[in-house]
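There are two complexes below, and they share chain A, which is joined by chain B in the first and by chain C in the second.
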Partner chain A sequence: MDPRRPQSQAGSSNDPKIRQVGFTFSLQNPQSLHPSSSAISGAGAGGVDGDFSSTPVASTCPVMIPPPRVPVQVPTACRPVAAGDSILAADSDNSGDAELSEEWVRSSSGMYSLGFSMSGINSPVATERNEEVELDFVDGTGAKMSDAPMPNKDMKAASKPLKEKTSKAERRAMQEAQRAAKAAKRAESSETGAHGGEKPAKLPKQPPKKKDAPLASSAGVSEKKGGDRSSEKDKKKDVPPPRMQYDDKSRVEKAKKRSVVKQTEARNRVELFQHLPQYEFGNQLQDLESKFFKLDPVHPAVYKVGVQYLAGNVTGSNARCIAMLHAFKEAIEDYHTPPDKTLIRDLTARLSSYISFLNECRPLSISMGNAIRSLKSCIAKLPLSISESEAKTILGSDIDRFINEKIVIANKVIVEHAATKVRDGDVLLTYGASSIVEMVLVHAYELGRQFRVVIVDSRPKFEGQAMLRRLVTKGLSCTYTHINAISYVMHEVTRVFLGAASVFSNGTVYSRVGTACVAMVAHAFRVPVLVCCEAYKFHERVQLDSICTNELDDPCAITRVPGRKEINYLNNWINKENLQLLNLLYDVTPADFISLIITDYGMVPPTSVPVIVREYRKEHLF
Partner chain B sequence: MWWRSPSFILDKQQQEKLEREQTLQYDDVFPPPPPSIPMSEASLQNPNPNPNPNISAYYQTRAAHFGVVTSDWLAQAQAAVSGDSSGVSTPPVDDHSGDAGKVQSVIDEFNSWRKQPDLAEAVAAIRALASVIRSSKATTMMELEIELKKASDTLKSWDTTSISLTAACDLFMRYVTRTSALEYEDFNSAKSRLIERAEKFGEISYKARKIIAMLSQDFIFDGCTILVHGFSRVVLEVLKTAAQNKKMFRVFCTEGRPDRTGLRFSNEMAKLDVPVKLVIDSAVAYSMDEVDMVFVGADGVVESGGIINMMGTYQIGLVAHSMNKPVYVAAESYKFARLYPLDQKDMAPALRPIDFGVPIPSKVEIEKSARDYTPPQYLTLLFTDLGVLTPSVVSDELIQLYL
Partner chain C sequence: MDFQVVVLAGGTSKALVPLVSKEVPKALLPVANRPVISYVLDLLEQNNLNDIIVVVGGDDAAVKVGGWISSAYVDRLRVEVVAVPEDKGTAGTLRAISRRLTASDILVVSGDLVSDVPPGAVAAAHRRHDAVVTAMLCSTPVSGPTESVSAGGKDKAKKPARCNIIGLDVTKQFLLHIASGTEVNKDIRVQKSILRAVGQMDIRTDLMDAHLYAFKRCVLQEVLDKDLDQKEKFQSLKKDVLPYLVRTQLRSAVVANSRAQEENGNYKMPTQQSQVMLSQLMANASTPSFHELFAFGPNGSARVPKRTHKCCVYIVPKDKYCARLNSIQAYSDINRDIIGEANHLSGCSFSPQNNFIHPSAELGSKSTVGPHCMLGEGSQMGDKCSVKRSVIGRHCRIGSNVKIANSVVMNHVTIADGCSIQGSVVCSTVQLQERVVLKDCQVGAGFVVTAGSEYKGESLAKKEKNISI
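This part shows the complex of A and B:
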């Protein structure tokens, strides 16, 4: 199964392994006999800590983790997105982003068009591929039709073959059967009292909500499901279900069956980050394009936004959130309740399928998660007697109000607050590109404050350059440097302004990778660090490190040096077994390094984030 | 980061019984206030009636107080969030002639309250604002609100550098006007409700010092040495109560240059027969190893949980922090201000002349700022009339109050 660790899989799968932080090498040959020899040979090849791990008993190490389970991978050559072999690249008019104001679209470089060109879709290649997929699909359903009605007891054994592409009716039947099986089992276990080693969680989970949504939501949005399964989760009611762990092979397989976007798992992932989804970049776009007319449950607007996420055209959590909400608004306008369905339930299910589609394109940001939660609570609050058109107008205005209140006006308030902290003669440092920080700088400049800006940037995204260009055009005096020079440049800085993707309730700031480094250096130089973040991005989770939740970007991006074609040492090495590339997107800044968080509720210390979360949720969401 | 005060353990272990007796004495400890305070006279004649001897007066006061401040206050404030429309302005045109006289009367009222030796400036301002409502001849809620706003602005401009005055005026406006009373149909009943609330607020503020003194008794243990900086009436009240409770402790007073507030404080301590030692400002670090805790007052408590206080507090905080000594701040809740200084220069400076005793050449520059900002990480606990708080709770309270 796992080409790198055949022995540990075959031998004792629960063999503890010494935890190596960061990049680990486990180069080994399949002929090695002992299960524990993997560690030895791996460390020997690495040559770093040979004598540490060559002790035969791994139990000397305090931290043990079970050996990783890497899903089966289909090795494909990595093709960068930027190669421009997509149909989307053909037309590059920015017709689609009319609804997104210039502020939001950070990288509106026009690499890919935001709108969809019909000519591209109708290209012969695409239609050909469509037919293939269609055939496949029909085949699968035809073959499996007979398996559908299964007796309850055999459910577990039979679940494996069932998990092919199945039709709607079939899946519903399967769900019913599973539910019945579960109920029976529960009754059984309550009678006998004790239950053995069997885990009910091992049953394939098919949330009943997605009855008419063939693209069932993947586990990434699992927190939204499980509404009417409450009885079996009585004791776990308050605990949010765990997020999808991508090192859980069976679940990944299951999710893949349901997914729209054909993602190929990247081959070599860094040990610590195997629970995060990492796909090979560059080949999803054509695949999606080819399926454009197949995806009838996905509204075109949502589809467009998904492709934009995938292509990296819309980045920045505000921009992504606004794009998503606009797409949902359009989708809701075009929505018609099917007969014998209620709007509230059906629309929620429909939205869930859209959300899972977006989640497949790129994992949802926390801001989007909060917006979705707000929207769903709006839907749930609709009175049952309301007519469909009324409901649609209400929801449309709810979405508009969310965008206006929580993002646009919130930004204005934050800018007002932040400008009071800019004095004459200041040197302000910012990292990467944050739309809100840019607005703060421009506003302070318009107020006539005399200050300088230092923009710190980093590979591989160079997001700061676009912002630098806009600021310089406006007339601000700027310095541009890379993060390597941070300790040098920090001497002269008087304030550090940072944006954030989210702020957690222990005051931790979740932001673009590199932010923690900037904040730490600023703290060491006793420079105040100000974080600008709208309150709708706050999240009640507590996160201590940047490992458990994060996002992995295209690993190829860090193998290249822009503008230096001759530096090609890592070309086509992406699938080397002893090379693991890590391109993290986010990191976590501890609250200790942050002096102040500027939100739409004013300036608060990081310790007050839970207060805002508490008050804000009470007021607006639930 | 916050150190547990040893007094928790000491007090709890040693003398639970004794403590109860002591708290029962509170009834006698606080004499009724001077009769020149007519408004709260009735309520303060018997400040802590203790009908139930099983529960100490300490807890009763706290419960009563919490009842008043947190639930009632906040519920009212929250209920009135929608009704808060102070921005709307249709000022009564014909009233303009009388405005000047009214404004004058606010200041007069304020000054007459301020003359009382023990009354804090902010409490005087609160009383003065309350009297504005009472004597107002406005006939609509809007008029009254505008009048009140004008009065509070006048008061604030009277001393713009005083944080507690500004904060108290803001809090008064919040507390009094953000109430469901504004929705009453009948203006007179609404007005009487406002007066009631204003008086209650004045009363709370007046009692605050005593509540703080009671709350802080747990932290002063026998045989401790307390370093005091500046002359704070709250700290004085705390130590006075401790002395009256027969606690054995000694006090180090900093000199408090240039206005020698420490000398005054040591004078007060000597009157109470508390062993006291004067320490020059630069000897704080020298004497810190003898000190068990630092007690300071505050001009203002800012949103970060830090304090703005007399110059020198910051360095005392730094020294105490590096020597692992707890720093306690005694401050009334009306000093909570919606400010967030990032560093020392990030606030309006309060300048004062400094007399060095010898002529200073004009080329020499003198740092005249009268106060500094102590960040929250150097403070251990804040004793306020809302309870004993960690610095991070200040922001919590402010958010609840202002949002």
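This part shows the complex of A and C:
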């Protein structure tokens, strides 16, 4: 990933709010520190060097960045960074505590961070990738693209950063160093928090909190939403709310009391993933079903969707999102404002309770989070004087429009675009089952292209089989294999088409576990990797690893060997003390492995994702 | 949750003839000293289902049941008691109250169900699959008290002659075939189309219909109405309506998705194409049931999906209790279970000795009440009595040297000295004179058993008394 982005970001972070991300930040070399940094950074500066090597990144740290593998101190590599940084920081105003990588990592605020990352698109990486792949950017929606600052503009803007071109190794070292610094800083800031007399207990809990921005900023505690420029509303809208860290005992207890779905925590959990919810599977459904009539506050339609998520009847982020929106639509239709309340506030609260119910059934996907955000902003935008029935019709049609524009039409556009990338004689590889990739393949086939499809699948879900079945019945010529054979089949493949659950603003693709592996092998074989993803799934978050955000599935699923009872060695071993099973659902594919992202705004390199997120954000909110 | 509950309380069942009578309709038959319908009503109340329609066969019975319910649940439940003519069958009963049904789904519960299975589970399964009907299946009771071998053995020998044949899909979620009370050696006809669509069917005989159904209202009403023009009305839910729905699930003639269709219409998609795309998207994403696979044709290309509807089942998990009071044997079984292993259903707290003796009951000296017994309010017992695994009702007077085992004695029964009752049911206000020996008998209400008589495996009732004595 492009290491320059963080700096440029930090550099141009001239918005006051973004600076409240308050983890003290001290660079590896103290000289690069900005003079007017906050009290904390001052306090922390001393501690940096000491803490540096130890870097106790507690699992309670607000953003789950894994501890640096090697606490590297690479002064040479750092130097340019630091320098560039201070330069850039100089043109940012008075900002005080400049944030480097920290900022970059944690600013979920999108707008600003994206601002710079645009200039960061500079990217030699992007350009070289494009050459390598020989794919041209096609501006799908020509007019739109032209108003938006798109890659070509970025190229110009990038000229400045280009001068500090570093080798890959250097960048890597730099990144490591930054991480280490960050870790140190974090440790130290928690210290300073304690010194400052601001309830130190609050610190580790920071991310789950949503509304303590003032407190956070005063304490110099980082706040995820620091960059949100718009008022209260926006803050509320920022769904999904910060995830709960499930290794925080007290919060988990609290949440349990509230929760509707009775979940028993799995006992053996993999160390690194303890912050993610992992439950014992099997009896939740029964329990939830038996409570059917006891859950008054949950609308039946929402309940139904929740049960379907829990039972796995509805999977796939598009389908889940649509199901949820339909349920909400139904719930809104049946909604009546209580006499002494206002529709806007009460309905938002009501929806929030539904959302938390759904979240208990299965953690919300990012697409759902974005849809919820749009819906909530829609509710917030309703004029106060509007009558209830009018409001309901407006919201209903808004939901329909969202489904139609963001999903259905987006799919069509993507299919159109992607089909142009399918040429006669191609061998297309896809992994798992993606609804959009399937549509692409079918569409290309209907256009009469001659190509072959390789479907790579993996345990334990075997999602590819259903798609394979549909494709084969349609008459496509397919090869089916498991991911173990990926390096073998990759020889003959000419294009890889992948679906995605989300694309983050650093161009990272969040998708079904195994996708990264496929993309990496394809990259190694110089096979272009095309990711089809609707723009509504983009998220402004930046993610470097698949640890912070992920979902754990039933660990039993990976112990079973279907169809071979005699080798089910792990039956009932789930609670063995010294056995930890990890069944991850998602992984993260670095932007380096992605040649092109096909979205409803056209085909863009992964580095342009932030631009889309920024420029079309308003549109996304209906 | 948009469910309406209908309790079919029945009238005076023929199967329970010496036990029920004009005075005691089936719904009020005491099970562990509580009318049987109270078990259903309590279950519903626990699940926040407070608006209930109770349908009773026969006006007299309705008055009695209504009276009892209003006194017992006066401030807890909103119960509407409706009387319908007795011989209409369950389907006819529902038809009679069809106008009162307004919710989108109807939960139909038999009034003789004794269970702790939350009805929500059935309702949730129903909703989850968007089914037309969801039936609750419980395992067939192993009949006969485990102690008295004679009674059990006899019934067991009788039972296998008929059994329920239930076909399920592999996931045990869908009902593919149902035939109740078929003779064992008779051929089973299974529909080829269903079998072909589903691929594999499990045929089970160890399950039975627990008479708790969730119906889609529009479908239920449609089916009930439809029969009118065929001039052949469906009589019973279990024997006619359910098999009909199961049979026709792949060539649905009912408007199963009427609501969904309405909704789809309201979406006002700009083009038909997007609509198709959307529905296909959803269909592909969810794991399709065989219904959907069938509906979209062998290669998923059918332009107009075939109309199907889903019939789901909810199988009672092993750790829940579920039984129906539909025979005399079941009556004694349920009584035994409720004072025994399923005593959490009885609603009273059992002593550490596993029995329940009402504080106002009086026991003579050297009388013993064993575990798994229940002794009602105000009952008196003489000396040297022994009670084992039995229920004794309210205000009974029991003399000395009486032995009661595996039996049910209802209220206001007078038992004179030296009687021995085994495996029997003694109804209210019966008088047993001295040294009566009853084994596996049922004694109807108000009957007087003369001194010294011995009965074995007989059913004694007042009418018979008039004739025989």
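Heads up, the rule we're going with is that the second predicted complex is superposed on the first by the 378 of 622 C-alpha atoms of A that agree within 3 Å, B and C clash if a C-alpha of one lies under 4 Å from a C-alpha of the other, contacts with A are read in each partner's own complex, and residues count from 1 in each chain.
In the analysis below, contacts are C-beta pairs under 8 Å (C-beta built on N, C-alpha and C of every residue); 3 or more make two chains touch, one makes a residue touch a chain.
What you see is a predicted model; the values in this text were computed from it and never measured.
> Following the overlay on chain A, give me a clash-or-fit verdict for chain B and chain C.
Verdict on chain A: chain B and chain C fit.
> Quick one: classify A:Leu596 as touching chain B (first), chain C (second), both or neither.
A:Leu596 contacts chain B only, not chain C.
> Could you look at A:Lys421 and tell me whether it touches chain B, chain C, both or neither (first, second, both, neither)?
first
> Should A:Val604 be classified as contacting the first partner (chain B), the second (chain C), both, or neither?
first
> According to the contact criterion defined above, which of chain B and chain C contacts more residues of chain A?
Per-residue touch count on chain A favours C.
> With the two complexes superposed on chain A, say which partner A:Ile612 touches: chain B (first), chain C (second), both, or neither.
first
> Should A:Ala319 be classified as contacting the first partner (chain B), the second (chain C), both, or neither?
In the superposition, A:Ala319 contacts chain C only.
> Going by the contact rule set out at the top, does A:Ile409 touch chain B (first), chain C (second), both, or neither?
After superposition on chain A, A:Ile409 lies in contact with chain C alone.
> Looking at the superposed set of three chains, what is the minimum CA distance between chain B and chain C in Å?
19
> So in the complex, which bits of chain A are touching chain B?
These residues of chain A touch chain B: 421, 423, 495, 528, 530, 595-596, 601-605, 607-608, 611-612, 615.
> Which part of chain C faces chain A closely enough to touch in the complex?
Touching chain A from chain C are residues 1-3, 47-49, 118-121, 123-125, 127-130, 263, 266-270, 274, 277-278, 281-282, 284-288, 298-301, 317.
> Residue numbers of chain B touching chain A in their complex, please.
303-305, 338, 340, 342-343, 346, 376, 392, 395-396, 399-400, 402-403
> Which of the residues in chain A end up touching chain C in this complex?
Listed in rising order, the residues are 286, 288-296, 300, 303-304, 307-308, 311-316, 318-320, 322-323, 326, 330, 396-397, 400, 403-404, 407-409, 411-412, 433, 435, 438-439, 466-467, 470, 473-474.
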